[in-house]
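What follows is subunit A paired twice: with subunit B in the first complex and subunit C in the second.
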Partner chain A sequence: MSNGVNGKEPHMVIENIDLAFGGTKAITDISFTVYKGEICAVIGPNGAGKSSMLNVINGVYIPQQGSITFEGKKFAKMKPHSAATMGIGRTFQNIALFSGMSVVENIMTGRNLMMKSTFIENALGIGRSKKEEILHREACEEIIEFLGLQSIRKTPVSSLSYGLQKRVELGRALAAEPKMLLLDEPIAGMNIEEKLDMACFIQEINRNRGTTIVLIEHDMGVVMDVSDHVVVMDYGAKIGDGTPEEVMSNQKVIDAYLGVSHDD
Partner chain B sequence: MYYRETGQTVKNYTEDRRMVPLREDRWIMWAFLAVLFIGVPMFANDYVLSAIFIPMMVLGIAALGLNIAVGYTGQLSLGTAGFMCFGAFTAFNLLFRVEWMNVWLAFLMSGVVAGLVGIIFGLPSLRIKGFYLLVSTLCAQFFAEWFFNAYPWFLNNSTSGVAALPPFHYRFLPYQEQIFDLFGWDKDYNAYIWRYFIALITTVLLALACKNMVRSSTGRNWMAVRDMDIAANVIGISVGKTKINAFFVSCFYCGIAGAMYSYCYIGNLDFMIFNLRRSFLIMFMVILGGLGSILGSFLGAIFVYGWPILLTRTADAVFGGGTLDTAFIENNSKIIVGTFIVVLLIYQPMGFAGLWNSVKHKLRIWPFKT
Partner chain C sequence: MEFLTGLLSIFTTEGIFSPFGVETVIAGMLSGVMYSLVGIGFVLIYKSSGVFNFAQGTMLLFAALTFVSLTERQVNPIVAFTITTVVMILMGIIIERYVMRPLANQSLLSLFMATVGLNYFLEGLAQGTWDSAVHGVDLGIPSDPIFLAEHFPDNPWFDIIISKFDGFAAAVAFFLVLGLYLFFQYTRTGLSLRAVSDDHLAAQAVGIPLSKIWAIVWAVTGVITFIVGLIWADRLSVSFTLTAAVLKGLPVILIGGLTSIPGCIIGGLIIGASEKIGEIYFAPILGGQGIEHWWAYLTALVFILIRPTGIFGEREIERI
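Moving on to the complex of A and B:
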């Protein structure tokens, strides 16, 4: 993995984002850059505004101010649909799977943007319908194999364990062949084996597919291990930005994490 | 017990996405189709066709239509009978006014017209959800009643509300007359046996089309919007388009059900029967049969429609015909249906379809228990 901060092409530039819900400010004037092909970790205490930041990036929340430049195109606000079209994939902190569908169906939904057959073709089983279904099924099976979900591909997702559900959600995001993946606490709440598996998957996706990854994570060990670049948030503001080593030696960050009040 | 799955393997994805994956299920299906296409026409009399098979299929299609909106896409709707009404009127006006019209094209057009009306009344779903949407779809019901009252031309200017209809010309085969001559059949195109076949073919085709949609991207998008619309949006599914699409398809089915209702079942056109009560009954069929299940839609229709008939017949058989007051039987059947709905939904929220699935699961793993 090359170090993203030093002399790499920016993939996404976030500038002066402000987000408030009524009176409460969730994000205050945040700017940072995510470089192509890096793993960028966003860390910070609970309520720091990390999930809100991801929601701004893919258009679920609309910021009051600021801009997002993705692959050279500048947006004052994103729309979820166009974010998906541009190649931004996403998993959620609280699992957001389609609970009434099986594993393979969930993953297949991830490819909806590539499936062009109309409902009439699908209803009659004519035209592109069958071919597309088989073609994309093959692509999804590769993901199923990569994530080790073969034995449960037909299982309804609602009956899976938390760890497996997280994995399926990653699979669904991956199915879209995103250029950038936003992962909101993909490792939280798992047991140690599941954590290791998930960390490996994330690194492999980054390495083999060249996918840029923005990752929210609490486990500092994992963050130090996998990330090229760390952004630290506290109370909606950015308090640190740099390589893991730089960030870890930053006094503000240490304070935020250890809860020490730091008087100047 | 019945199922023997050992050795049934799939070798490719085409086989894996078969409509009916298990060999044993395919046998059941073929046997069932053989009964419907050969057995029933051979042995059933007009009463059985007109009072049991035809209405059950018609209502099954209406329930399936509603299920597409409610069960598959999660959009509540109480306008079912209103959409059926538009379908029925389209079929009537086409067959009545257009010389070269045939039943199949008329049915197709009733679906399309009802579907377009459905899009209009589905538009609020872009903004509102749940009970509020229920109210907005209710408007479709009242709109239909008002519309056909206000424009009696569509009813052939009948003043009674029931169109005094000229005999329907059932044109459902190419060279129909010649074919009937050839086989020496009685040219009563209005006979129940032909209505039965028209209803049966329509039902089978629509059920197949629905199955095809729900196992493809169309159905997955519906279910994605139902299960979690924000996540659907984030992976690029256009939630608005999907809802509108679901409303169109749902109302397309309801529209054809309406056309079948007047053409295959009751044989006249009366917009008063497409009332709110019918919308509710169809909603019961969907809930009882199983949300998001094709089989369930038909099971629900069979039960809700067939139960009172079964009860009346049983009462007649036990107590002798005519001894019991029909109102008494009717009220009792309502009480029993109501109780049954409550009990069933407590134990099996997925209705008859859920019940069938759990029975099937037991049969598949027998002699093991879990």
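Moving on to the complex of A and C:
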């Protein structure tokens, strides 16, 4: 895809974020910019603070310092619910599906923000609620088809394989029609075939819907293939930022990757 | 020795396997529905908010007392019912705003302590607004028994007496549970509710507003608690002892698990049956006054030993 770093409009600007848990620093003075429509990979060894960074972006963790500017609006802290409202969707490193629900129900929860009918209309099945219901079912079916989940649409998610669960979680995030997707290790722990499928889905979402994607990934092959922009973290600090090629020739990055084991 | 033979004789065709024994079990199960009804309030709050609501009993008393006090002041019962319903809805919204929301990211213990505080606050409010006298309530629920034998004269197995009151309570429970089921399964709010009860973090990440869901759950629970309170009040009359109705709900959720409404129903049936069996068969050989105070808890204890999470209980819910 196009080169995100050069000449593109910023989608999200992260400035001087500091995050500590009690005495331990998880993130130290991190700044980077995610550009509109790009795939930005955040890489780094385990414990580098990548997940914490995503958690700051969507308001799960509140940073001690710094700010996030999303689509021109600046925040000192975000709230999970308002992040979603503004169009930030996400998946989690440890799958966080609604385990008591089927595939289609999980994806349907992603439509929540799009639904305008009130609680009363909804409880009584009157007013806008019927028409809305049909519309949103259709949107969900589209996603189900896109991700190839038709045959398991009614299956309880808890009985699905790890790879499929990750796919359903992506579908749920997608259902909210986010402008930016934060994906925490969407490919980790999968077999080769599942990895390829997932990488394809991510690229297609980016290309066809124009969704900006921030992606945490360990698999360097995949990162080099799909991303326009790479941010490298180590011990809570940023040690690299640029195109995949630039980052790969960065001595600090090479040292970090040779020096520290980073199995998942 | 005498004790043992007494104990064994319970499990014979002279004991609970006789027509009379079966009658005892059925009547017990029916009366247990009243306990299930109390348990449902706990389950709804726990599922959504992850907290054991210490104030459940006082909410029940507050609602029943409000209704009774209004009718005693010559307010038409239907109007009184409507007013109390609105009061309980408002209470739910207020509790969300001033108890749940400020404590959203605090520890579970602080949240629990907040419901303890809420309990004493509501207790004061109930007695301050109304009074602490004993109020009789008659909703006109019939309490005379039905003799099934009259309808099946030749069959000793139908020599069963059922209390109409228990039948009424069972019908209320049936419609409440059916309503809740339809609501949870087939409405968007129900779906959001299930999402919140499953995973707070993921629910927020898809844009489900926790505070709105909490307000709805507390309001709905308040109204259900009111209806359940009315039925209990008809049986016990309204006074401070009405909060003790909740003590009958505890063993039910111990058996059924804090997270399951079907578990609650089954827990109630088990406790009810066990209480009747205890009262009729075990009390005499245990030399038995006062067995009704602890028998339900003993039953629950036995079940906990067998299955610590309750029949339908899920793993411990983790709050983030």
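In this text, the second predicted complex is superposed on the first by the 259 of 264 C-alpha atoms of A that agree within 3 Å, B and C clash if a C-alpha of one lies under 4 Å from a C-alpha of the other, contacts with A are read in each partner's own complex, and residues count from 1 in each chain.
Throughout what follows, a residue touches a chain if its C-beta (ideal position, glycine included) is under 8 Å from a C-beta of that chain, and two chains touch if they have at least 3 such contacts.
No experiment lies behind these values; they were computed from the predicted model shown.
Superposition of the two structures on subunit A shows subunit C clashing with subunit B. Once chain A of one complex is fitted onto chain A of the other, the partner contacts of A:Gly189 are absent, as it touches neither subunit B nor subunit C.
Using the contact criterion defined above for the overlaid structures, shared-chain residue A:His81 touches subunit B and also reaches subunit C. Once chain A of one complex is fitted onto chain A of the other, the partner contacts of A:Ser99 extend to both subunit B and subunit C.
Of the two partner chains placed around the shared chain by superposition, subunit B is the only one that A:Ile134 touches, whereas subunit C remains out of contact. Legend: residue contacts after superposition of the two complexes on their common chain; A:Arg172 is shown touching both subunit B and subunit C. With both structures placed on the common chain, the touch criterion links A:Asn112 to subunit B and to subunit C.
When the two complexes are overlaid on their common chain A, residue A:Gly72 makes contact with neither subunit B nor subunit C. Note: residues 58, 60, 80-81, 83-85, 89-90, 92, 96-101, 105, 108-110, 112-113, 115, 117, 119, 122-123, 125, 129, 133, 172-173, 176 of subunit A belong to the subunit B contact set and to the subunit C contact set alike, using the contact criterion stated above.
Put simply, subunit C touches subunit A in their complex at residues 183, 187-189, 191-192, 194-195, 198-199, 201-210, 212, 216, 320. Subunit A contributes residues 58, 60, 80-81, 83-85, 89-90, 92, 96-101, 105, 108-110, 112-113, 115, 117, 119, 122-125, 129-130, 132-134, 137-138, 141, 172-173, 176 to its touches with subunit B in the complex.
The part of subunit A that touches subunit C in the complex is made up of residues 58, 60, 79-81, 83-85, 89-90, 92, 96-101, 105, 108-110, 112-113, 115, 117, 119, 122-123, 125, 129, 133, 172-173, 175-176. Residues 13-14, 16-17, 209-210, 212-213, 216-221, 223-224, 226-228, 230-238, 245, 249, 292 of subunit B are the ones that touch subunit A when the two sit in their complex.
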